[in-house]
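Next come two complexes built around chain A: one with chain B, the other with chain C.
For the complex of A and B:
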């Protein structure tokens, strides 16, 4: 007994100098792990779990899906192309109104200027990958009730409730299409300027996106502006809020700032070349 | 005679053929594969504008070099709020992250079977903080006990289960 106490004392003494017992330096209980190697000798190497006789004993592993002569399950039903062209569809990664409000509260986005893809990407918290068929951001309705900012924002997709949430605060929302090349530039404008290449022209939307971006209900950038102002009023009546008058707003100029359908950056025209080193703009002369 | 000419011609030809098959055209860098400069009158006329009034639009497109400091405001509708706790008031302190967020995270392991709530960036008396936070978690569990682990070396506390929102709200209410 005394011997046992002595050894346990020794163990405890040793434990004090050892690192803390935690998940990283524990080892499995003895005999809890099975040996990976199979025995080869008379009784160690009997069946190795492969059973007695037949296909099983020969370890004749059949190919995946093969049902020993039956029509295999994976061939039993005719093919239905549910996901045809799925890998080619345009994607719009979500940006929720809550996220946007956090970005504004933490001073990552300046709401005294119009917001577009470049502003969102320059915040450093969201990225856009045009190479993975991401065609811009969609503004989603999470945090809709707590959204209180007056902004001029341009996104690529927005639902009706989101449009109402932005316009209720006296803001302006627009949905606009950018072709992948322009998206690549907008995802990192500084890198593009450093290349020393003229700003390209923005392409028009593809055929299947024209209907969306010419619809005033979606606040499309190709829609008739008069129709949009009418739809703003209609939406205000539908959701039951009084539409703030932008004409009387002190930030009228910022709120009505919009890009041309062929323009990539606010205030900068296609064909111009930006020199960041000399702080010079090279403009082609008009002929 | 004919045989000797064949022999002399053959190695050259074969070498050329092999080079054709085995080598691709060299992929030069952007600079080397760019077009050669043509005479200047072939290019369109340009105007170089110094101090252009449009330069403000360019500056707007350049990202900030460091994470901007949040400006003090009357209200923060998103629920985010700046840190108000003073490090000297309590025996412990939790620093905000570089993005000015409360460092409480959810670790999911084993395909979501195990969920751990991690409180990071703890300074000072981590054991006192663990006692306080454990009381919060246990009240959220209707008084049931909860497992926790303290790593005082790295300043982290682990709680078993998903109590991210509970702990983050509690820490915010304490001013951290």
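For the complex of A and C:
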């Protein structure tokens, strides 16, 4: 309401200073005048817009898509097997190491905190569209050679070379699964908290993804942590770098901070209700 | 809400821990049914750096100490425009083969013999790689080549079986028999070209 009053006040102010409104001062309004469609006289007569010969002039129109006898395009393909199961195929929009390095260098992402989907989406430069079957980000190897940041990052897919690039710099990378409801929440956490709904639990990955997320080679969040430590050495040997001693890093606690398998946000448990207005967390009673 | 829970919440709000809060010095991280200590009991949950694997005696265990290798980078050859002209993607890995204690002694001796024409005057054996567009992937390729060379020396060539040896012997004997048969035949032909001699009458 206040906006409307402001704009009408502005309009009235303008009216007091501008010259008198007359027909000569007005701007033409496009599409306000329609030309008369007369099927007679010089421009409307003769063939009356029907062209020459053919089905068009003889008013015997062919149906849409008809190709004068040959099999029309819209009937040529009885089935399209490449679309089978397309509604089940998960997509992982890419985030290259180069992009990530730029984001870190321009202070869009704070590397003193663990990075996850919420961090990346909160930077404002990348969006996730879970409704279009985007199940999270994949870290790609573009910019592999120049990646220099030490981070604790959680993505949904990463190749071996990318994992090596992150671990070479003393960082930690993890791949984790989020179900669609949780993805919607993480893509815009503020919007979710404003709803006043308790934080839900994260669900397990679908059957075809379980093998990926329980494999230490992929640094899966459900993989054996001891195997992951061993695989770090294996990868360091494969890619030819000295594995940095992460236990001696002063940021060890931050780098090894990991969410639980059912947790959505760092430091917040499922079931908690965040009240942003009163700045209070409401927790369920112990049963 | 009573005073104790209020106090807890205030502490949680001010806590700057990541996985969970620290109250009274103890970690209060959230543990659900999917927490790793429940899925993998009796396992070291904290990330650590394992020591290099122990040497297997005579067999090369695959471990290459990176500080013992001298790695240099240079520009690669071939097409590629500005990228190949400006970025150092070629990898050169060198080390003194005679002093490489990380290779088992027997294998090292075999390698010195097999690679004697490839070792430089100073005793360096060098491996180069410019397979890919990425320096790191080329380094991985160079190390893979190195490991393959070392492992090739340890593989003992399978000796032929008794059946194979028997087959070879029989083939050789047959070849000899046929050759002699042909020879005798030709000799008879030549002898027949001569007229009858006193012996024949």
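Just a few scattered comments:
To be clear about the criterion, the second predicted complex is superposed on the first by the 204 of 287 C-alpha atoms of A that agree within 3 Å, B and C clash if a C-alpha of one lies under 4 Å from a C-alpha of the other, contacts with A are read in each partner's own complex, and residues count from 1 in each chain.
Just so we're on the same page, a contact is a pair of C-beta atoms (placed from the backbone, for glycine too) under 8 Å apart; a residue touches a chain by one contact, two chains touch by 3 or more.
These numbers were taken from a predicted model, which means no experiment stands behind them.
With both complexes superposed, C is the one of chain B and chain C in contact with more chain A residues. Of the two partner chains placed by the overlay, only chain B lies in contact with A:106; chain C stays clear of it.
In the superposed model, A:226 makes contact with chain C only, not with chain B.
In the superposed model, A:281 lies in contact with both chain B and chain C. By the touch criterion defined above, A:200 lies against neither chain B nor chain C after alignment on the C-alpha atoms of chain A. Once the two complexes are overlaid on the shared chain, A:190 sits against chain B while remaining clear of chain C. After overlaying the two complexes on the shared chain, residue contacts for A:267 are found with chain B and with chain C alike.
By the touch criterion stated above, A:122 is placed in contact with chain B alone, chain C being left untouched. By the touch criterion stated above, A:245 is placed in contact with chain C alone, chain B being left untouched. Of the two partner chains placed around the shared chain by superposition, chain C is the only one that A:141 touches, whereas chain B remains out of contact.
Across the superposed pair, chain B and chain C both touch chain A at residues 113, 266-267, 279-281. Taken together, the chain B residues at the contact with chain A in this complex read 44-52, 54-58, 60-64, 67-71, 73, 75-80, 99-100, 149. Chain A contributes residues 113-114, 141, 144-145, 161, 164-165, 168, 172, 201, 204, 222, 224-226, 228-230, 232-233, 237-247, 253-263, 266-267, 269-270, 279-281 to its touches with chain C in the complex. In the complex of the two chains, the chain A residues touching chain B come out as 22, 98, 101-102, 104-108, 113, 118, 122, 124-125, 143, 146-149, 189-190, 193, 265-268, 273-274, 276, 278-285, 287.
Looking at the complex, you find that chain C touches chain A at residues 9, 12-13, 15, 17-21, 29-36, 39-40, 43-50, 52, 62-64, 66-67, 69, 71, 87, 89, 93, 134-137, 139-140, 142-144.
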